Amino acid sequence: MDPIIATFIEENIVPNFNYWIYVILMMIGLYAMITKNNLIKKLIGMAIFQTAIILFYVSVGVKDAANIPIISHHGSEHHQMTDLSSETDSTKEIHNTIDKDKYANPLPHVLMLTAIVVGVSTLGLALAISQKIYKSFGTLEEDEILNKLRPGGHD
Amino acid sequence: MIWQFDIIILIFLVIAAIISLRLKDLLGASMVFGIYSFLICLLWAEMGAVDVAFTEAAVGAGVSTVIMIATVFSTKRRSKD
Amino acid sequence: MTEHFPVLILLVPLFGALIVVLLGRERPDQCWVTSLISLGVSSLISFFTVIAVLSGKVQTLRYRMGGWPESDGYEVGIELRVDILAALVVFAVTFVGFVNTIYSKTRAGAEVRGKVPFFYALIQLLIVGLCGIVMTNDAFNLYVLIEITSLTSYALIAMGNRRAALSSFNYVIMGTIGASFYLIGVGYLYIKTGTLNIDDIRMVLEQKNLWEHQSIIVAFIFIMLGVWTKMAFFPLHGWLPNAYAYAPSMTGTFMAPLMTKVMVYVMIRVMVWIFGNEFVYSSQPMWGEIVIWMSVLAIVAGSLLALARTDIKKILTYLIVAEVGYMVGGSWLADGVGQAGAFYHILSDAAMTFCLFIAASIIVLRVGDSRVNAFDGLFRKMPLTMIGFTVGALSMIGLPPTCGFFSKWYLISAGIEAGHWGYVCALIFSSLVNAVIFFRIFERAYFGKISGVKEDHFPSDSDANPDIRIKEVPWSMLVPLFIASGSVLLLGIMNRSLFEWIQAALKMMNT
Amino acid sequence: MKIFGLIAVLVVGALLLSATSDFPDWRDKDSPANESPVSSFYIEKTEKLTKVPNMVTAVLADYRSYDTMFETVVIFIAGIGIIAVLRNFDGPNSSSIKRENNDEGGGLLARFTCSLILPFIQIFALYVVAHGHHSPGGGFQGGVMLGASYILAALAFGLSKAKDIFSERRTMIFAAVGIFIYVGWGVLCLLFGKEFLNYEALDPILPGDAKMARSHSMLIVEIGVAFTVTAIMFSMYSNLSTRGRLSKGL
């Protein structure tokens, strides 16, 4: 790639690209939830909608040139010593060794673990409800179900 | 962190999302949704959120897709939209 | 011991739910006893919490989960925060749960055949979720608890007939949109402030003076949209009437008084605690105007839709939509009286909705017909039930000494003070419509002929006349009804002191 | 409806995009969220205070353990909710159905492959649960994998075979016991006179000092989470794939 274009992209598009895509995915999911006729399609839209929000949160916690949020044992020799050394020593040692810019922000990750779990629970329950709807109406298309419920309709 | 990967995966994500919503075959839609989950899991691993990526791989690409396919099998495979 | 009360309120029903599931399907009676005991203990603890907070020893109970102290003035763990407002709502939630469990004694076996333990487990987890929402001081924890209440209510509603499953599905879609919007709002706050504790968010917003930032404004809009969806504020109310009307009757009696009211509490909390009156009322004066006119629309539309229905449960659910309009409008009137009035209305609306829903379920159960003409001659056949129904209905209309009168009085006087005549007119209009609806029912119940149709329904009863066949229900249903109607009157009698406590607590927060 | 939905979605999208320009840049290490005292505290103090190198596990199971408790409860609710909605107890083929072993499950190759890889999947799942302190993973991920291994068994050998190992009653007991371990551990801290879920209170009954007590307690609550998640994942699949009859799988 031409280096000028690359710099242009890196400076103007990359800083907000994640946030744009998150909004686009969220709009796709929301549109599907509101307008799709098939109940399963609505649920796929719901799952996309929820992952889009998770994408947003995870993007918040990213740092440039940062490691995964697990403190590495191999990188620093200090750790081996701290287990043996006394309390005050070890606190000082670790405090000095851990640079907060080296590790990604763990808080959004934790929040999103919870959000993923909530997402799959909602999906499972909603699938169960749609199976119950199928059992009693014989279809999963919203317009057909509403037709059957209308007093004039058959059934 | 390589932002080129990031942008490519993000674009694929949008494509996968649109395909899974446009397919009239619900089984195919569920599978494309599995692909979508897997892509987003890659994205998170690339962003350094390994625990989230692990969970999404197990839940989104695994269990969610399986229960969705189970539902499609026990109901109807064709969709009108 | 007092300092552990907030967490004990949550833990007792949580353990109750686990025990009920472990007991299994073979012992439905023991499931009932377990949940009765657990909810009874929980409401007792919350009663003592109210006493402790009122006695002035501790103005605000703060409970740090995991014992993590704050670091640099920021909370690193999750904190519970119980002041008098939270204590009152928690007591209302647990008490309604307890009384409703008494009511469900005879109905559970009939309505959720074979799934009694799951029903009681879900009910108790719903109470855990609602109490947690009210007490937590962490914006993300609030989201998790909102999802707990949502998931339990989806399942509880879908246990009904096929219409209930369909409306539950709509509720899943709307509820997920609402909760996700709330989550987006919290995310936008987090990206600008870096913390999730509600007090700390406020602190950072003030320190860095972020009020003018677009993301904070968008965060506020999205949190409000999410909460309004969950509370069925007028244009977003679509899921509520069918869901509550077709759910199993025990679920309806339990959820109708609580769900929307707790979400109103969340709205007031977000407005007052996170963003503060200055931001909500002064920075964008147009917002208040728009929201109050929306609530006027909600009140008028809810009342008219209720008037158009003939099914008693549908009437009551549309009245809930109107009542939500009361509370949203009241809390957006830019003064302390409106907020306090809206808060008092949370309590009184919970009491009167509970009362009316129980009475309506009893009547539907006995008469076997949910249309209004089922009420023909009921005062002679079921006098006790009708007394309870009357108390709730009078409160809905707004006649003293019921609590409905006083809450409406506070809201109207707040509206007059704020000079918002549209809102005042809507409240009076809604009272008139309620009067028309309920006096139409009373007329039927007093003077209506006992129709002969009922003869066909009970061919086995040979010699008795219809007066005897439709008879009072067992004590396990009447006692809850009388507790509910008693609390309607009690809240009305205690209105002055309750209102002063609420105002004091809100004022303490705003300074 | 479509037009209305499109307008609503566009309004929502425009609102969100309008706020995007106000955000700090993506990957910015000095954004308010990344340099806030809360996150710095987690990064700098976690290993010192809890002896757990994986910050996500520490925040999940200790600092925000109250959240995680409710996360487990959410899973539990989904499990019993699906049974409450879908399960058909009084169907013709509830418990005393005749076995249809021959019709169920995959072919010979699938069975053979699964019997080879299942033990490894399960051991890896247990490793993920136990090793969550030092590497990505933890109770939830391990639990999902363990649950998935039972789902795989149900697919390969038929649901009735899998149910011999993991009957419905047993799944419910497992799920409830998992939360019981989690909440009970918190209550134990309460009984030792500290706050709910304050693991330091359990120092007297656990090996090591107070910080190791936190580390050990995290393992225990993760095991509780894994119990619940395993049971509910399997229960979800078995109910959804049989329309609540639990008789014959996919």
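By written order: A, B, C and D. Residues from 1 in each chain.
We adopt the following convention: a contact is a pair of C-beta atoms (placed from the backbone, for glycine too) under 8 Å apart; a residue touches a chain by one contact, two chains touch by 3 or more.
Everything numeric in this text was worked out from a predicted model, so none of it was measured.
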Checklist entry - Taking contacts as defined above, which has more of them, C-D or B-D? => result C-D
Checklist entry - Centre-to-centre on C-alpha atoms, which chain is most distant from chain B? => result C
Checklist entry - Using mean CA coordinates as chain centres, what's the chain C-chain D distance in Å? => result 31
Checklist entry - Using mean CA coordinates as chain centres, what's the chain B-chain D distance in Å? => result 19
Checklist outcome for this item: Taking each chain's mean CA coordinate, chain A and chain B are separated, in whole Å, by 12
Item to check | Length of the line joining the C-alpha centres of chain A and chain D, rounded to whole Å | outcome: 16
Checklist entry - So which bits of chain C are touching at least two other chains? => result 140, 144, 147, 151, 154-155, 158, 165, 184, 190-191, 196
Checklist entry - Using the touch rule from the top of the page, what residues of chain B touch 2 or more other chains? => result 1, 50-51, 55, 59, 63, 67, 70-71, 74
Checklist entry - Do you know which chain A residues sit against two or more other chains? => result 14, 17-18, 24, 26, 30, 59-64, 66, 68-70, 107-109, 111, 113-114, 117-118, 120-122, 124-125, 127-132
Checklist entry - Looking at which chains touch which, would you call it a line, ring, star, complete or other? => result other
Item to check | Contacting chain pairs - touch in the sense defined above | outcome: A-B, A-C, A-D, B-D, C-D
Checklist outcome for this item: Touching chain B in the complex, chain A uses residues 9-10, 13-14, 17-18, 21, 24-25, 28-29, 32, 36-38, 40-41, 43-45, 47-48, 51, 54-55, 58-59, 61-70, 104, 108-109, 112-113, 116-117, 119-120, 123-124, 127, 130-131, 134, 139-141
Next on the checklist: Under the definition above, what is the set of chain B residues touching chain A in their complex?
Outcome noted: 1, 3, 6-7, 10-11, 13-14, 17-18, 20-21, 26, 29-30, 33, 36-37, 40, 43-44, 47-52, 55-56, 59-60, 63-64, 67-68, 70-72, 74-76, 79-81
Item to check | Touching residues on chain D, where the partner in the complex is chain C | outcome: 15-16, 18-19, 21-24, 31-39, 41-42, 45, 62-67, 70-71, 73-74, 76-78, 80-85, 87, 89-90, 169, 172-173, 175-176, 179-180, 183, 186-187, 190, 194-201
Item to check | chain C to chain D touching residues, read off their complex | outcome: 4, 7, 11, 14-15, 18, 21-22, 24-25, 63-68, 71-78, 112-115, 118-119, 121-122, 125, 128, 132, 138, 140-141, 144-145, 147-148, 151-152, 154-156, 158-159, 165, 184, 188, 190-196, 204, 208, 213-215, 217-219, 221-222
Checklist outcome for this item: chain D partner, complex, touching residues on chain A are 14-20, 23-24, 26-27, 30-31, 34-35, 59-64, 66, 68-73, 90-91, 94-95, 98, 100-101, 103, 105-111, 113-114, 117-118, 120-122, 124-125, 127-129, 131-132, 135
